[in-house]
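Presented below are the structures under discussion, each in the form of structure tokens.
First chain A sits with chain B, and in the next complex the same chain sits with chain C.
Moving on to the complex of A and B:
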């Protein structure tokens, strides 16, 4: 299903972004990072709040400009396109938002929302109404005819999140970038929305970049997981392998924090919370149980683990303190 | 929000008797200004009668002035000027302030800082003194008065509009429109501005009241065209005879007071009714 050899839909290379505060203080929101997403691939970008995952998503959507690096969509560097060309090309990637309430103009009916997105498709659409009804049906807002003339605020939160996906689909994208799309939904709706996204990937070959703080979702849902900490991608690889056997201490910490933990894990979390003074080296140093002296001064390089996995840590996985 | 919120806004507006009174008064005033003069058989309000400074009576309900002119007729005709100046000035100020504020808030950066400093300069000047000065320099005339009032009132609207735009432009539906390839101008006009209008309209109503008051003040000091009948001008002649003919001051004074009061109440209620957080 995942055509690893196919040219990536979205390629972020060596992108970095530093925010400078009014007092001149700097926050490295994204340290030089590389993120490639293949056609039909689901990538989970995992990290705690402030890890830079949302900034990376905004850079991917060309909503935020990186200080350095390139963002290529279907092989074209978005940062080098003219404004007009960027507006035309970016339609191939569509966002799904965390808060579906703020995601819709309160003055537009569902029909207007979908027509607007359909109008952005390349080529002429003869019958926008039929297409809009099809899309509503596709995301499970049925009977579609009952929904099309309502307003987004008149439907439930879970339905609104489906509508958010419907709007994204209406633009006929190659990739959907969803920033915490489940955090506003309750548990039963989360499952439905994840299933919907999986169906869309299977049937339409959509790529999905899924941003979440919940690593357990990545386990069930994603092909590949990318773990971020303080702007640095600390580990990435196939979801099943990374989560079965994390190579980076931070991934272990995240995995241990998932509420399936037993006594030993709780102890591990407790140990990991003990903070150390911050160094100029690895951003995770202050919280890492496996840290060695070198971690405080030097930035760890990227190491390969097998063919598909990468992690950034001086300590080899087998020598790390078990979590 | 659109349809439902609008209905909710109307029902909330209808709740308060003061609001009802204000709306009814303003409607009556508009009627009076448009068809009122014809109720008097379209006679010239400057017609002089033999009853000089007659107190209110059946023939002259609001009395007559020092030349025997009917005060009621004067007030009816004066309503035209007050409303014309009030509405036009408020309309111009709202459009001007709305445009400037929207651009300022949406573009941001240095342009925003510059525009905000300009509004602060305008807002720190004493409005009436400046209006009086400009009218004195340019000469009287309704349209000049409108221009002056509009030029002095737009900063308030601009600041409000800017604040609303700053709030709305960060919402996700604006990002969604951007990701659909809309241009920034289209986004500002179609997505942002329509969601900023409610408080701006409410402020526009308050601006009508301010404009009417400013026009009356300018007339009172004789700074408007002496040939136009206006409430402020009746007050000017009234203050000379305040001890002999109280009706010359009371009725136009009440007209100004009730009009300004009604517009203020209506503006306030509109603001509350349109505020989704209330």
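Moving on to the complex of A and C:
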């Protein structure tokens, strides 16, 4: 199902982005980062607010330009393309947004929304109506004929998030980049959206970059998880392995902080929460229970763990404090 | 639970919204009870009526189109008619205090943290030793002294929520009502606030009504759970019973979703359909349209609340148990 050896659909290499405030202060939103996504792969990009995950996603979509580095989509460097060529190529990646209400023009019917996306496809589409109905059916907005002439505000929030996915599909993408697509959805709706994305991956070989603050969703949904903290990718690897056995103290903290319905997690997470003055080295130093002296001054390099995992920490996983 | 154990009992609470000339129920025959020092959770999705329930307790419903249609509250043996809005409003502060999801919109941007905490203290006790009490409250919510001179925008989201908790506790309420107090926070900050509420509850013997869509959050602070759906209280019991042997099909589905259970085909166990919005009175079970085990009578007859087990402490509103 996941062709890991195949050429990646999306390759971000050594991308970085620093925002400069009016007073000249700098925020390193994304420190030099590498993110590759294989065809049919689901990658969860996890982090809290301010981690840089949304900036990294915007860089992937070429909506935000990196200060340095390259963004390659199906092997082509997007940053070197002409504007026109960029618009044409970029159709292969489609965003799905957090707030499906804000994502639609309220004056456009579902038919108009989908026709516009279908028009982005290369080549002429003989029967856009049939295709639009097919796509609505595909995302579970059935009977499709009842939905096509309605407006986004006339359907429920869960249905609107499906419509967001339908619009992305209408452009026939290779990869979907979804920024917190579940955070507005009711708990009982979440499974429906996740199942739909799983089906699309299985049946159409879509890749998915799934941006979330919720590491527990990453565990059950993604093939690979990439954890960010203040612009730095601190750990990445197969989701099940990373979360069963985190190799970075921040991943441990995130995982322990999720209030699971079974078990008294508060007591475990208490041991992992500290605060100390910032250092000039690792950005996580000020909150890290496992930190050693070196962490205050030096930026840790990337270490491998087996074939598939990487983490950025001076302290070896077995010496880190567990929750 | 017998009436004697409870410090707070609410029975038969119904809240009506008038929309386009129609009367729609946001809350219908809902109830809770609470012991001294206990934490209870009201769990539900958007539209379940859980926040409306809390606002009815605080007499904070929107005056324009919402009203309490019925409801009786007993607190420490005194009975109140919840329809009487001004009577209920007098309980605000000393009996109930509330903490909200978004602290920034409940703090005054033009006042320092200290003056907002002082305001709450004076409201309860005009002759209080203010400096002493402010220090006490700051210690309780683990905020440093330097926060006192700050304005709300200068604090982080987690610190603002601590301030809001300090203000709520400033009136020495009997019950703290917390409506999604950690939903807007990052997960690590959420853990800190949950740990704080748990400590405060223990340190001052505070009773807590926690309103949340997140069973994990409820389960970390509450001994008992009330599940709401479509305005009704559809199941109640001890946390362990609700989690291990949920009786209502909706509670079962909610727990499956919270545990992210995947079936043999690798797909997530889901509920079909959507959460109902406001309900019209006089129909059958509100969950029937989405229920996998619904019977013909579920569409027409509202099930009554029936004991499931646990010596009558676990009940559900479902025809399978009546």
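Simple rule for what comes next: the second predicted complex is superposed on the first by the 315 of 323 C-alpha atoms of A that agree within 3 Å, B and C clash if a C-alpha of one lies under 4 Å from a C-alpha of the other, contacts with A are read in each partner's own complex, and residues count from 1 in each chain.
The working rule: a contact is a pair of C-beta atoms (placed from the backbone, for glycine too) under 8 Å apart; a residue touches a chain by one contact, two chains touch by 3 or more.
Small disclaimer: the values here were computed from a predicted structure and weren't measured.
Visitor: For the three-chain model obtained by superposing on chain A, do chain B and chain C clash or fit?
Guide: fit
Visitor: With both structures superposed, pick whichever of chain B and chain C touches the larger number of chain A residues.
Guide: C
Visitor: By the touch definition at the top of the document, which applies to A:97: first (chain B), second (chain C), both, or neither?
Guide: In the superposition, A:97 touches chain B alone.
Visitor: Calculate the angle at chain A, using C-alpha centres, between the directions toward chain B and chain C; round to the nearest 10 degrees.
Guide: Between the chain B and chain C centres, as viewed from chain A, the angle is 80 degrees.
Visitor: Applying the document's definition of touch, where does A:151 land relative to chain B and chain C: first, second, both, or neither?
Guide: first
Visitor: Determine, under the contact definition given at the top, whether A:63 touches first (chain B), second (chain C), both, or neither.
Guide: first
Visitor: If we overlay the two complexes on their shared chain A, which of chain B and chain C does A:187 touch? Say first, second, both or neither.
Guide: In the superposition, A:187 touches chain C alone.
Visitor: After the superposition on A, what does A:253 contact: first (chain B), second (chain C), both or neither?
Guide: Touch partner of A:253: chain C, not chain B.
Visitor: Given the touch rule stated above, what does A:212 touch, chain B (first), chain C (second), both, or neither?
Guide: The answer is neither, since A:212 touches no partner chain.
Visitor: Minimum C-alpha distance between chain B and chain C after superposition, to be given in whole Å.
Guide: 12
Visitor: What part of chain B is in contact with chain A in the complex they form?
Guide: Within the complex, chain B contacts chain A at residues 1-5, 171-173, 175-183, 191, 194-195.
Visitor: Any idea which chain A residues touch chain C in the complex?
Guide: 48-49, 156-159, 186-192, 194-195, 198, 213-217, 219-221, 253-254, 256-262, 264-266, 269-270, 273
Visitor: Considering only the defined contacts, which chain C positions touch chain A in the complex?
Guide: 45-46, 186-188, 190-192, 194-195, 198, 213-217, 219-220, 243, 253-255, 257-260, 262, 266-272, 274-275, 290
Visitor: Flag every residue of chain A that touches chain B in the complex, lowest number first.
Guide: 61, 63, 83, 87-88, 90-91, 93-95, 97-99, 102-107, 116-117, 120, 151, 153-154, 167, 171
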